[in-house]
Amino acid sequence: MHIEIDEISKSFGTTAALHPVSLSLPSGALVALLGPSGSGKTTLLRILGGLEFPTSGRVMFDGQDATGLSVQDRRAGFVFQSYALFRHMTVFDNIAYGLNARPRASRPTKAEIARRVTKLLELIQLPDIGARYPSQLSGGQRQRVALARALAIEPRMLLLDEPFGALDAKVRKELRQGLRDIHDTTGLTTVFVTHDQEEAMELADLVVVMSMGRIEQIGKPQDIRARPATPFVREFISA
Amino acid sequence: MGRPLIHRSPMPGLGLSMGITLTMLSLVVLLPIGALLLKGANYGLAGIWETVNRERVWAALFLSFRLSLFAALFNLVFGVLLAWVLVRYRFPGRRILDAAVDLPFALPTAVAGISLTALYAPNGFFGQLAGEIGWKIAYTQWGIFIALVFVGLPFVTRTVQPVVEEIEREVEEASATLGASRFHTIRHVILPMLTPAALTGFALALARAVGEYGSVIFIAGNIPLVTEIAPLLIIIQLEEFNYDAAAAIGIAMLLISFAMLLVINLIQVWSRRRIGYV
Amino acid sequence: MSDITVTKGAPARFRATTEESPLARWAMIAAAVLGLGILVFAPLIAVFVEALAQGVAASLASLATRDAQEAIKLTLTIAAISVPLNAIFGVAAAWFITKFDFRGKAFLITLIDLPFSVSPVVAGLCIVLMFGTNSFVGGWLVANGYPIVFAMPGIILATMFVTFPFVARELIPVMIEQGRAEEEAALTLGASGWRTFWTVTIPNIRWALLYGVLLCNARAMGEFGAVAVVSGKIRGQTATMPTTIEMLYQEYLSVAAFSLAAVLALLALVTLLLKTALEIRHADQLAATHRH
């Protein structure tokens, strides 16, 4: 799905988290929102997911205005930094949650839900953990379950907030490849937030460098590296 | 067998703190309870059964337990609502409400008892209102119910409140991004997370209500078989110097207390094992 | 920040995804206010209304009677003895439980909590059976001139029984959270055990201790069921404030009963006020969960 961000701004009280920013994300792209904390990257991601509403501006999905679309109707697969798994539910129930939450008329049958969950568990290469509780999983496994849960609702896009933030270096490397593979298999427009420039450069097709609520530069990793647009970008990517 | 009874520690004061703890615990709590159990043992199971197995005793035990259950159920629902309102919403007077939740802990039971009676008696403020629709509250089981709701009010709220504070917003947001309505989120995500704490508070409120005396006797009317609670029966037996019968009823009540203590612990073990926290 | 544009009119109807609709919110707040109003505030107000039913003078006069004075004196004496004893127990038990590792710790905590789940009347009964004239111990004590039941020691024991867990229960979670590192540091610096206790431990737990003592005291002065059983309710001798309230009430001396009740209600209000102040100012030093 093509995502168009048109002059979006967001202020909390008197502080501006986002100055009007515009951005066009082509369908099927894997995009990194890169910046230090306080750069507005997470706010932008939450606006895309419908968890915050912009103070001004519009969000367009495939040319249609989605600014006022409620979070429930947005069908954005969202992976939270803390994963936010439901700890009183098994992995299976976590992944099935979005399907079970649908109104009766559009809810798949039990057998269909089970089939889809099993398929997703295979996709994240953890076929045998359906009966476990989140507290019994490692950090890397939790992240993949959160990803599977987001994919279960057949999202129109995938949004990830610091998806590798809480993991150690080795697991992080593995899961980067895992995300790349899932993106390539599903073909979903994917946006992830990170403060790690190496991660952004290695994984994304398109990198959006942000600072202080503004976009500093948009470009392919190699272009940003070769021609940093501002002193901030030069400083940040060399860090 | 390899684990020593007490691990060696560089901390000072082992003998003194252990001595004070065990001596006072024995003197104040364990020996008196032991005296009750001993009395029961002398009296014999048959004797206890004979005392308890009378219509008036069964009626009192059943009344205490049944009304306590209803009051605890009311407090379960109202307590969860109160915990949610106090943690999540900001409105004028919230701090006063929060402090007021503890009043039943702080107000002496006898004071609560006569005050509730004054309010719900036929010539009292609420009693008159209820009387207009022919509803008698004081000196009926309704009066006992209200007194038991009063004494059990803080338990569920105070156990659930910290859990509500700890719910991560992200978990609720995750539910919404997966398409769940607010109602679905509350029903399937929030309430299950509150369940272990709410059940603990429920059991505490129930235990408190079953043994409650001071706030109930004034409003109850104390009619045998109808509004006579179990603790009152013990007092009546004692006033007639009928120690065996008092002990028998006391042991029956003690067993109910122990059973409820066990339930509370089982709830906590269960929730810790399942969810990884209490 | 001049470039913030708020021109396109942010859709005001959107609320955060983690909130209920305003209607549901206000309905729940209304239910909470109404429920607490009827269940808690009404009885509290009723105490003062009834006490002042015949004017302030009548109310004060009833408090000046000998019976009332004796009851107040007795209740204060009992609290002054049983609360410090329970505070000492609470500190010792919390120290023993949190500074040492031993088998049966969970069981010990359960035993300390036991009085919370025993009916006060049963507690009183236990003490009567242990120390009453027809028990072995009680008979010997009475014969030697130390009656426990129907006398002050019995009332103190009954009061201590029902308030037994308050201080320990407040201190244990706080001291677990604080760990042993600070005491260990003091010891390595050469401080003696008592010095470590007074200069390191006590400053760290003083607000939690005060909190526990406050609740313990409120309950001690207000205890009715257990005291009613052991005291014999002898006027001017073993009748505490709560038992005197009962006697006055049953003699239809409503103003006198409610005036004494109002004194206890004021004490409860002061307790709540101090408790709330502690929770606001020293939240970091109190246990995270308060169940009692």
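Just so it is clear, A, B and C label the chains in written order, and each chain counts residues from 1 on its own.
By definition in this document, a contact is a pair of C-beta atoms (placed from the backbone, for glycine too) under 8 Å apart; a residue touches a chain by one contact, two chains touch by 3 or more.
Quantities reported herein were computed from a predicted structural model and do not represent experimental measurements.
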Result of counting contacting C-beta pairs for A-C and B-C, higher pair: B-C
By mean Cα position, the chain sitting nearest the middle: B
Taking each chain's C-alpha mean as its centre, the one farthest from chain B: A
Between chain B and chain A, distance of the C-alpha-averaged centres to the nearest whole Å: 47
Distance from the mean Cα position of chain C to that of chain B, given in whole angstrom: 15
Interchain centroid distance [CA atoms averaged], chain A/chain C, Å: 51
Chain B: positions in contact with at least two other chains: 173, 176
Shared-contact residues (touching 2 or more other chains) in chain A: 50-51, 71
Where chain C touches two or more other chains, by residue: 17
Interfacial residue positions of chain B with respect to chain A in the complex: 168, 170-171, 173-181, 184, 188-189, 192-193, 195, 274-277
For the chain C and chain B complex, residues of the former touching the latter: 17-21, 25, 28-29, 31-33, 35-36, 38-44, 46-47, 50, 85, 88-89, 92-93, 95-97, 99-103, 108, 110-123, 125-130, 132, 134-135, 157, 160-161, 164, 180, 183-184, 187, 192-194, 196-197, 215, 218-219, 221-225, 228-229, 241-243, 245-246, 249, 254, 257-258, 261, 264-265, 268-269, 271-273, 275-276, 288-292
Chain C to chain A touching residues, read off their complex: 1, 3-11, 14, 17
Complex contact set, residues of chain A against chain C: 7, 9, 11, 16, 19-20, 50-51, 53-58, 67-68, 71
Residues of chain B defined as touching chain C within the complex: 3, 5-7, 9-14, 16-18, 20-21, 24-25, 28-36, 39, 78, 81-82, 84-86, 89, 91, 93, 95, 97-116, 118-119, 124-126, 146, 149-150, 153, 155, 158-159, 162, 169, 172-173, 176, 182, 186, 201, 204, 207-208, 210-214, 218, 231-232, 234-235, 238, 243, 246-247, 250, 253-254, 257-258, 260-261, 265
